[in-house]
Amino acid sequence: MKVTTILLFILVFLFSGCNGQSGRKKPLTLATAINKPTETLSKPTYNIYLENSGSMDGYVEGVTEFEQAVYNFLVDIKINSLTDSLNLYYINSKLIPNPPDVKDFIEKLEPNTFKIKGGIRASTDISEMFKDILRNTNANCVSIFISDCVFSPGNGQDAQYYLQNQQIGLKGNFASKLGQINLTTVVMQLSSKFDGNYFNQLNQPTKINAQRPYYIWLIGKHDYIVDLFDKVKKENFKGSGVQNFYCAYNSTKSFEYGLLTSPKLGYYDRDKSSPKNKIINAEKSDKGTRKGEFQFSVGVNLKSSLLDDKYILDPKNYAIPSNYSIEIVKNSIANYNYTHILKLTTRLLKTENISIQLKNNLPQWVTELNSDNDIHINTPEQLGKTFGIKYLVEGIYEAYKAKKNIKEKDTFLEINISVNQ
Amino acid sequence: MAKLFIFGIGGTGSRVIKSLSMILASGVSLGDNIDEIVPIIIDVDKGNEDLTRTIEILKNYEAIHSKVASNANYKGFFQTKQTNLYPISGNEYRLTIQDVQGKTFGQYIDYQTQTGAQKDLTNLLFSGNQDDKGKPKPLLDMDMAIGFQGNPKLGCVVLNQFKGNNDFDTFAANFVQGDRIFIISSIHGGTGAAGFPLLLKNLRNADVPTPNSALLRSAIIGAITVLPYFQLKDGDIKSADFISKTKAALQYYLKNVNPSLNSMYYIGSGSNTHNYENNKGGTAQKNDAHFVEFAGAMSIVDFALQSDIMIASQGNRFLEFGIDDFTNGIDFSVLGNASNGIIKKPLIQYHFFKMYLDYQLRKSINCQPWSNRGKVKITKDFINPTSGFYQILDSFNKRFGEWVNEMALNDPHFTPFNQDAHLLNSISNNPPKDSFMNFWKTNYSLFDDYLNAAERNIGNTTAELKFIELFNKATSNLFTQRYN
Amino acid sequence: MGTIYCWLQSLFGQDLAEHLWGWDMSTQDYTKPNQFNTLGLYMVVLSFTMVFIFYYIINHPRFNRWWSWLIMLLINAGLNFLYAWLITLSDLSNNFISDDLMYVRDVSTNEIITQKIIESNCIYFGITNAIIASVFFILFSFAFRWWSKNCSTCPFPN
């Protein structure tokens, strides 16, 4: 019976040897993502480049949403003290500096001023413009480029061939820059009244007076861009507001995520040693209308992803195992440090490692708003489109892809959850 | 180690031997010289109730001893071996006086066949009457089956038959070098007064064909003469005659007995208002136990404890029993240090032992670790009526209880124990010492505590021995820690 | 120690269990101190103490029956119940429990749908602790009773 004594000592010893957390702080399962820059960023220089080619005249004729939106944007930048040094440029074939007075700048947004400022206004070499901008962009600088982004092959050029070359050029320029500095590129599509001549791919003008899309590009280090959108919300853009959005970046950062206990169907525990990504004791639901299903939730903090909800909430942008379906909702629960919640549901529950990826896809709107032939611009389906925008965005997309580390997948976010029954 | 042969002559002899059994049962040691006693009772009155009680007690003692004291190193209750020389059933522990059953004294001496001068001498010596239910009866017509009824002159004749007596020879054959002899007799009775000097003479003058006669002649012999210590109510035996008879006997002893003894003990009690029933003998002669008998038994212990050298010489060692003032009754506080040193602790231990068996045993059995722990368990079966050992112990204890009660009621009162008090307060004039540690364990729960502690020190053994040893240890510790 | 408690998790609820493990909502990990360890330690120590008191301090010939032992077991269970119940109740009342364990909130509106941890969870946790303490009491009893003078055969002889 002394055996019982010894046995007991062993038992007590084993269990009191804390297996797990006794206040010892565990490292977060992922690298720390930041919501805001943790270190106080030094303020970058903001360089604003407004294209003043002939095709832009229609946006500045009279008072337009274009002017309102751009003015408001620049004022917001100033109000939020995002920079101490705001430089204003016109750009076409060359950079034309302007006095830094924003009000004056905006008031002078008229076709006449465009003409006076000079440069070769007849055509738009978008690739070259980006090249100039990129050259002027360094690590302490945010470049904002406002343009209609309409390619001008000109008469006599094969449009397809031209667009493809432009794409290649863009890709090359961006790739080269990315090799030096890790920059983030954002494009926002807005629209405004356009009253003026539209020059199509053959450089033939057509007078139109309609809503036309235009684009605001941002290029700069990721933290600056995040800081900018933190203070200047996309929803607050005047005029049409931001209708479409795309961002490209090669981030070394990962986004914080973790398993949640609800919403769920069925039952599971979070593994004590890795509660953020390991499920144990999983069971399907055995009652109610959704009997036989198993669902778990993962909260994810995409605040600094720059992605917009339209992209995030679209299940098509996710790669998940075939036995699961995904639903994404915005999180309003104040206590969670997550912006969105991913709900994964299955009827086929088994022990496996699940990988959920938010793919880095070219957004749908790029294809939808793309026009390969703008000769007949004045038709309803063409008016809302931009000639060659797909090639432009794709070129940049590919530049980023090329510059990714090989081991990084082409995703914004990859979540690995271990499901164990 | 040697034997001590104890001759108890007459009713007094039986009662002193009974007291001795009680004392030895409580674990009193007879020292390094003696490890075995051999009681031999000499009494013609076979049906004597005292005798019957004593024999029963001796047999029970022997049975208990055999179960518990098989190991030579055993110390505790029933430690001393007590042997019976006479195996014939019905005759245990008794040296049979032959040829007296169913005879009158006249028949014994063949009075009818006597003639002439012999007859005249007989008439002269044995004239006189004995009262028999108020009517005088000639001595010659006395029925000897119930002893000599206070007439030593008859006993002298009848008892002079040791030489050639089979039982005496058996005794002599068992006597070895180093053994001792002790003789108990009353000076005023019938059998004792006559038998003692005769026995002594037969020992000191032993010769062939008695076995070991040389050893007997030089043996160490002690004796106790019990002087009058009780009165009888009016009846056939006249206790008023006791004093005169005593004086006559002592006179005789001076010359014919004392020089042959190595140690001579005297004891008696002058004032005695407790009158016994006047019964000549037989089953009615059942005298209550008396302190004098207890003290007499103590003399035997004293004799056994003396070294051979101390008592080698003959005829010059005479002892009496001393006690403090006993007008208010005798308890341990008035017994002298010497007596207490021998008897106090053992007797108190046995008293506690008996109290536990009477009042607590049935409640604690199977419930306490002393009973249900270890390989050998003391179960309910051990104490149920069909089990042998416990029943013998129980009847022995009943006799012990009687013995204590009788001595308490007798005069002087021997009241070492207060029977009405709780366990710890039951020692007269001797309250227990305070104990801080055990203030919440009282009386029998304290006793159980000691028993449980004792159980740890008892190894693998028989149930009977374990049982006795538990109480040996527990009562010893109880006494030492709370009363010493 | 938490592992033992979690065997009986279904009694007092997974959410309270998570809280006691040390779930911290702000880090979404178990970074608060693991209260199971403290609770478990007190439970083990208290149970052992009660066993020790019964067998070696009280150690009384009149308090060594099977029901005496049962009384001690019940007292031990009671004390452990009180301790566990009050500790968790205090956490609950003082809002020490992470919000994501306390409530199920609507994802879209942040409103509370149900409260997951309520007072009865604390009571059941008290009961759980009492049960586990009783098990340890029994184990300790059988392991350590051998040297007791008066109670080594309690609750029953070997």
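A, B and C are the chain letters, set down in written order, and residue numbers restart from 1 in every chain.
By definition in this document, contacts are C-beta pairs under 8 Å (C-beta built on N, C-alpha and C of every residue); 3 or more make two chains touch, one makes a residue touch a chain.
No experiment lies behind these values; they were computed from the predicted model shown.
Colleague: Once you draw an edge for every pair of touching chains, what topology comes out, line, ring, star, complete or other?
Modeller: It is a line, because the chains touch in a row without closing up.
Colleague: Using CA atoms only, can you tell me which chain is the most central one in this structure?
Modeller: Answer for the innermost chain: C.
Colleague: Comparing centres built from CA atoms, which chain ends up most distant from chain A?
Modeller: Of all chains, B has its centre farthest from that of chain A.
Colleague: Please tell me the distance, in whole Å, between the geometric centres of chain A and chain C computed from their C-alpha atoms.
Modeller: Centres of chain A and chain C (C-alpha means) sit 51 Å apart.
Colleague: Roughly how many whole angstrom separate the Cα centroids of chain B and chain C?
Modeller: A distance of 69 Å separates the two centres.
Colleague: How many Å are there between the centre of chain A and the centre of chain B, using C-alpha atoms for each centre?
Modeller: The computed centroid separation for chain A versus chain B comes out at 119 Å.
Colleague: Touching chain C in the complex: which residues of chain B?
Modeller: Residue list for chain B touching chain C: 364, 367-369, 372-373, 377, 440-441, 445, 448-449, 452-453, 456.
Colleague: Quick check on the complex: what are the chain C residues that touch chain A?
Modeller: My answer: residues 1-4, 14-15, 18, 21-23, 25-34, 37, 40-41, 44, 98-101, 104-110, 139-140, 142-144, 146, 158.
Colleague: Applying the document's contact rule, which stretches of chain C touch chain B when the two form their complex?
Modeller: 60-62, 64-65, 148-153, 157
Colleague: How about chain A: which of its residues touch chain C in the complex?
Modeller: Contact set of chain A toward chain C: 1-2, 4-5, 7-8, 11-12, 15-16, 18-23, 25-26, 28-29, 256, 258, 260-263, 269-270, 272, 275-276, 299, 329-337, 341.
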